[in-house]
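Pasting a structure here, questions to come.
Chain naming follows the written order as A, B, C, D and E, and within any one chain the residues start at number 1.
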Amino acid sequence: MSDLLTKVREGLRPPAAAGSGAGSGRWLVPVVWLAIGLALLAFPFYLETFWLRTGLLAMAAAIGAIGLNMLSGSTGQLSLGHAFFLAMGAYGYCVLAGDPDGPATGLGLPPLLAVVLAVLLTGVAGGLFSPIAGRLRGAYLGIATLALIFIGQHVLFNAHDLTGGFNGRVVPRLEVFGFVFDAERIVVAGVPFQAMEKLWYVGLVLLLGCVLFARGVLRGRPGRAMNAIRDHQIAAGVMGVPVARYRGMVFVISSMYAGLAGVLLALVFERTVPTYFSIVLSLEYLAMIVIGGLGSVGGAVLGATFVSMTPLILTRYSEALPLVTAPGTGGGFAPGEVSRFLYGGAVVAAVLFLPGGLARLPAAWRARQRARRPAGEAGPDTQRNEEVPR
Amino acid sequence: MGAADLRVRGLNAGYGPVRALTDVSLDVPDGAVTAVLGGNGAGKSTLLRALSGTLRFHGGAVTGGTVEYDGARLDGRPAASVVAAGVVQVPEGRQVFARMTVADNLRAGALGRRGDRAAQQAARNRVHELFPVLADRAQQRAGLLSGGEQQMLAMGRALMARPRLLLLDEPSLGLAPMMAARIAETVREINTQGTTVLLVEQNASLALRLASHAVVLETGEVALSGTAEELSASDEVRRRYLGVADEEAAADAAAGIAAEDAGVAAHPPLTRWTA
Amino acid sequence: MSAASAGAGTGADNRAPADAAAPRALEVSGLTVRFAGLTALDTVSFTVAPGSIHALIGPNGAGKSTCFNVLSGVYRAAAGSVRLGEHELTRMAPERIAGLGVARTFQNLALSQHATVADTLLLGRHRLTRAGFLATGLRLPSATREAARHRDRMREIAAFLGLEPYLDHPAGVLPYGLQKTVELGRALCMEPEVLLLDEPIAGMTPTERRHAAGVISSVRDSLGLSVLLVEHDMGVVMRLADRVTVLDFGRRIADGPPEQVQNDPDVLRAYLGADAAGDRDEEAPAGPGDDDRGETR
Amino acid sequence: SGKAEDDGGGGSGGSGDTASEGDELVTGPGVGDDTITVGALTDMTAAYATLGASVTQGQQLYVKEANAAGGVCERDLELVVRDHAYDAGQAGTFYAELEPDVIGFSQFIGSPYVAAAKDSIDANQTTVIAQAWTASLLGSEYIHMIGTTYDIETINAIDFLMNEKGLSEGDSIGHVYFEGDYGENALEGAEYAAEQVGLTVVGQAIKPTDEDMTAQVTALARDGVSAIIVSAGPRQAASVAGVAAAAGLGVPIVGNNSAFAPQLLATEAAPALLGEFYIAAPSLPIGSDESAPATLAEAYTAEFPDAVLDMGVVAGYGAMELFTEALRGACDAGDLSREGVAAAFGELNAYDNGFGVVNDFSAPDAPSSLESYILKPDAEAPGGLVVEAEGFVSDLAEGFPRG
Amino acid sequence: MTTFLELLATGVSLGSVYALIALGFVIIYKSTEVVNFAHASLLLAGGYFAVLSREHIGFWPALLVGVAGAAALGMLLEFLVIRRYRGRDHSVLAIVTIGIDIVLITEFARRIGPKIFSYGDPWGSAMVSLGPISVPQTRIAAFVTAAALITLFLVAFRYTTWGVAMRAAAENRETAALMGVRLGWVSASAWGVAGALAAVAALFLSVFPTTGLDRDTGLIALKAFPAAIIGGLDSTTGALVGGLTVGVTQALATGYQSELSFLGNGIGELAPYLVMVLVLLIRPAGLFGTRELSRV
């Protein structure tokens, strides 16, 4: 009797065997992750400061990008104001942990407490913006948040006591239970550990924590609500999701991620400077999440790594690249220019040729593999989604 | 055969890995109403999209076969050029331009067929005659019309292009009985005024009443085809698409009993959730 | 047969103490909604008795969906009231109304393109779950336990609706009929007290329609919820509904048991059409057996 | 492991085990058997791209000349340039990359980034020549600037206005300045001078993206200023001059040395700039017919035919020349380590590079000179500037308190 | 009082240039729902083409070259990038335009290098006296041009078939195609028009009282964002009103900076953004923007 329905359903080919694509390579995944993890732990023993700094910048960027991706990728709220919250985190930490007798205001709190408070402070700032963040969406919110950048820059330049003005202020050293993350050389296994080596592990821990937290949120109840708001605001409300409040809360969380990223950046920079926290920075963060893959935590990390490392690596190895000339020698392209071409081009290419960003590469590759196999086991989607919820 | 026939031969189409049409062949004779029947997901909309050149908007593509209209090939052509050839589709789910006024929606309908003002005015008058509500609501935003009103607008908009062949995708969807009848009448009227119609419908009885020929699609393949009389006499069609010969089940349902077929019986009734 | 009665029985047995207090009537009175220059609803009143299936019918544009939008908090009423027990709904935000146990489906599908069917259904459980950002982010045991419990229930509902094979599919690529079922499932996942269904079976084949109608009456029986149903398929309306309210141009033109409404001259004129009435008479022996739109041939 | 302690180059420990022919030459990072590596951190793609290009090319020109003339200490100079695009992340990272391998930096653009590296600079005793003239960078014996700072330059400019342009006690002067270290440092000077001689300063802070100065000039006109100081970029200065001229304001305008670019003389702004518009600068312009500027102009044009001859060329070339001078001093003293170079800098207390100013690098807390030239745009001269008033130090500048 | 009037005139005249840029945003947004962050680079491109050709062919033909060049570039971008996007999320496309902008700005900045180009326009630094105040001729020209162009597009959007096609395509590409709208052409023409407008804006941004075209000229486009938002992203009238609001706010805040010193220095730049935030708090879709309609 139900033959027709059955036929229709067969036509859809529900996934027969879960994970049909994995097959023999299944054991590979944990092994690869283990290898990556070990490598990350070992890097400070092998890499020069340049690489450690570059890596730390990427980690900080990744934390910020994860937060932005929760807002823009998963909830559909465009934000161009991320740089403001990065600055809040960076300067907040400086003020809270700063030397009370220094040239700029400092409360002299224990650094670890200052980190926590700075992140909370950034959250509060994000919360103050929620009358706007909760009500607006799309382009309007994006441009409204632009105001934050200009307000931020204005304050950074003018509130000398807090920010140190144009030349910024010194970042107090991080100190965790008496262990100071400063340039003081300690020797570990024959390798001198200085600021970057020590901070490396701080960065790893923070990033890991942020990744896990974000994944938990996105895969859980809040994540579903966020996606619903992105995809169908009215339906989300009718299903019981308090839309404006959720938007506000995601904005707060994303701000706190940015705040933490700001703290880490400040620790790496050792001096915070206002010019860094400009609109360009916000745009870079957007580029990160698009290149990496909207809505995906892993994508944010990949995108952040790509965007923050490209200019450094290109500039460093500029002599070795074709068409790139060393600065000042005239003709050709300067390394800075090439890196901009590359990352601008990557944004465009990611959207056009790799919908879903770098994070979709493995899946796309697997789909290719599957397509090559005779029996078309592929699910019905994969091609269609310009952005993948997670 | 007359020149302005639509001939589909061996059409294959799909969405990425999903095959939606397999070797579909059919003819739409000039001046007639031809119906396409089939259940959910049978590929009816896909067929129309393949004809109108809009599969690509859904990530799909024609992978084989030919479509010929009036002696010229339509397959592979962009949508705008299909419209220029006189083949106009009313999409499933109405798809009116929600933020434009009703009047502008009608103007948009005329975009594909450049013609003199008089011809356009005539087309508009005709649409207003068929659907007076569109004249009353001319300045309202189309998105705020009710479902039925939107369906009328969608048809009116397509008529603004003065089509020779009109492709209708489930025009009675969501319409009140009277309105569904009105739409049916309108389809007939449009047809008698000289427009060929290819009608996709789930409401088979309505479709078979209007059409002279019909095709039944099942999971992307032509399962049956013939004249409307033949098909409505066929047991298969009566059972599956007309829902007659099934009175016991209906009676059961009327008694508030879960239908036997299709799954429900296989599962115990849902029990209350106790938190 | 027994399924329904047994279901009803179990429903009654399972009724938790909190629910026992429940069955609340949904009372709509004097509801008026205006859009610039248009009165979409004009002092409409009706009451959905607890545990009943109440149909809201009327020509296209009569204001049925508008009424749903007010009931679910999407539109604001210009006047009138909607009460569910002691709660006044007209001033509540959608999420608060949902919190009271009012669930709905949408006429033109409001599903996320990308979310899987499982996630779509789980969204319905938002109001019943508590885990917030912190709990899910930190994977607190409370959140994990809650998630597992509700996932089980979601599977139960999916199985009941025959959606189980599609749980991992993106909802957006399913055929229309299945998407409608997903919408219904999402609403059921809210464990509603009142279920608002806006044309739940439009676009389905006769077989599917029958199936869906069976599902609706089955959940009403077994879960004891009230259903407010908008539908143009008169066959289904007549055999499911306990009571019918008819709207035309935003005004209530009839209200009563199906048989009475069906023969109301106003309704015939405004909605069913004189022809339909004629057809119906001719075909009367067939009874309300099938799709009323496809009568004689 | 890869970077175990042994290759540490432990700070002062002269790793010059390959002593050059008998002399016990002590060497340090950046000094090899045949080369001396000098770092340059520049901006060639962002906000300071114009300056960065001129400075870098000036330095490359000098290195080429010096190597052709036999190098320094029997070694060739090697300039490693990194373009940090005026970005905090890149500036710090490239500093960290180059620092272990260079003897010092002959160029470091971006005062915030120099300030950020200050701890490391002091700890590693790395000599850096900053391409910024703000007082905030004073105070380290390893960070040098050539010429005077913006505050002193502005004080001298006001002195010039008082002496030559009839500005007198009780008048108001307008000050259009960039928000940031440059403008604010200049403002400090202006306010000091104003207080000393009884002027009122009307400030107008602007951002580098402000290019239309109409509103600012309108406001200054309302306040009846008798002169305007511009501590901003060339375009802002030109707009101020243009609007003031069009409004018939008729007051003299003086800009700091960064407020002029020769390219302006090819634009509509030229007439206004050729009027009552002056530039205060820390050295002779490249268009001067003294021998050093003239030779440089000629050599630079030959090397980079399409490049612009601006103050950046002088600054870059001069900085490289100075750095090399210090290297020579260190070599002569037999200590080509970082301390040696720093010490050699300390010896340079009357250094004259032929650009009209004698510099003293021995006092970390003071600029190397307090002198300013007053220049005037001239369409004929190479680099677009000629000397209006020879280098001088105003009494006000002498008395300017530091700290 | 005169100062106030002068500042007002300055603001209005500056605002009309912002309005021209904002109009470019609005046209692309209206027809494709994309917020075009690449506008800055179109602006720079238009200016660059014009000033390069000016030496050879004189001002007016060069202006035409600039307009045509920027329009062509806009259409090319549409053809090479925007058209290839398969998804439906417009904010993703907005981010793509950021990528485009980075590439183009880098390239044009590289080409311009340290040079500052002059347009050699007929207005020079001449002023026009309007009662007690005087206004540069260039700005009068800008105001007249902006008003004329905005009226033109207002009419075009509302009454021409091009306008209907634009709006239809913006709303639903597939259905527009079913109506016979040639999507490629519609979207390319929007980008072409935006490019042309950007080139006109580049002219007025580079002539008196500013100094000429240089590598940073495009940055000004950022100021048109608050203008477009204040007016409402999909309203041509809004572009004018928003532009003028931003111009006047900025001029007044700058002119009365000393009175506003408690807010810190350089408040003039910030003021338009504050106004924007205020407007959005009251009207989330800007002053003239259409509210998003919700119908379920």
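By definition in this document, a contact is a pair of C-beta atoms (placed from the backbone, for glycine too) under 8 Å apart; a residue touches a chain by one contact, two chains touch by 3 or more.
All values derive from a computational prediction rather than experimental measurement.
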Note down the smallest number of touching-chain steps it takes to go from chain A to chain C.
1
Each chain counted as touching chain C and chain E at once
A, B
Quick one: name the chains whose C-beta contact count is the highest of any pair.
B-C
Let me check something: if the centre of a chain is the mean of its CA atoms, which chain is farthest from chain C?
D
Chain closest to the assembly centre - both centres taken as Cα means
A
Among the chains, which one keeps its Cα centre farthest from the Cα centre of chain B?
D
How many angstrom between the C-alpha centroids of chain C and chain B?
27
Where the centres are mean C-alpha positions, what is the separation of chain C from chain D, in Å?
76
Cα centre of chain D to Cα centre of chain E, whole Å, reads 37
When you check chain D against every other chain, which residues touch at least two of them?
45, 53, 179
Two or more other chains touching the same residue: where does that happen in chain E?
86, 106, 222, 265-266, 269, 294, 296
Please list all residues of chain C that touch 2 or more other chains.
65, 74, 106-108, 110, 173, 175, 205, 207-208, 211
Residue ranges of chain D in contact with chain A within the complex
1-5, 8, 42, 44-47, 52-53, 56-57, 59-60, 81-90, 92-94, 96-97, 100, 111-113, 115-116, 118-120, 123, 134, 136, 179-181, 184, 304, 306-307
How about chain D: which of its residues touch chain E in the complex?
45, 49-50, 53-54, 179, 202-216, 218-219, 221-223, 234-235, 238-239, 242-243, 245-247, 261, 263-264, 266-269, 271-272, 308, 310
Please output the residues of chain A touching chain C within their complex, sorted ascending.
1-2, 4-5, 8-9, 12, 14-15, 18, 212-214, 216-217, 219-225, 227-228, 230-232, 234-243, 249, 253, 379-381, 384-385, 387-389
Listed in rising order, the residues of chain E that touch chain A in the complex are 29, 35, 37, 81, 84-96, 98-103, 106-107, 110, 222, 225-226, 228-229, 233, 264-267, 269-270, 273-274, 276-277, 280-281, 284-286, 294, 296
Chain A contact footprint on chain C (complex, rising order)
72-74, 93-95, 97-99, 103-104, 106, 110-115, 119, 122-124, 126-127, 129, 131-133, 135-139, 143, 147, 165-166, 168-170, 172-175, 186, 190, 205, 207-208, 211
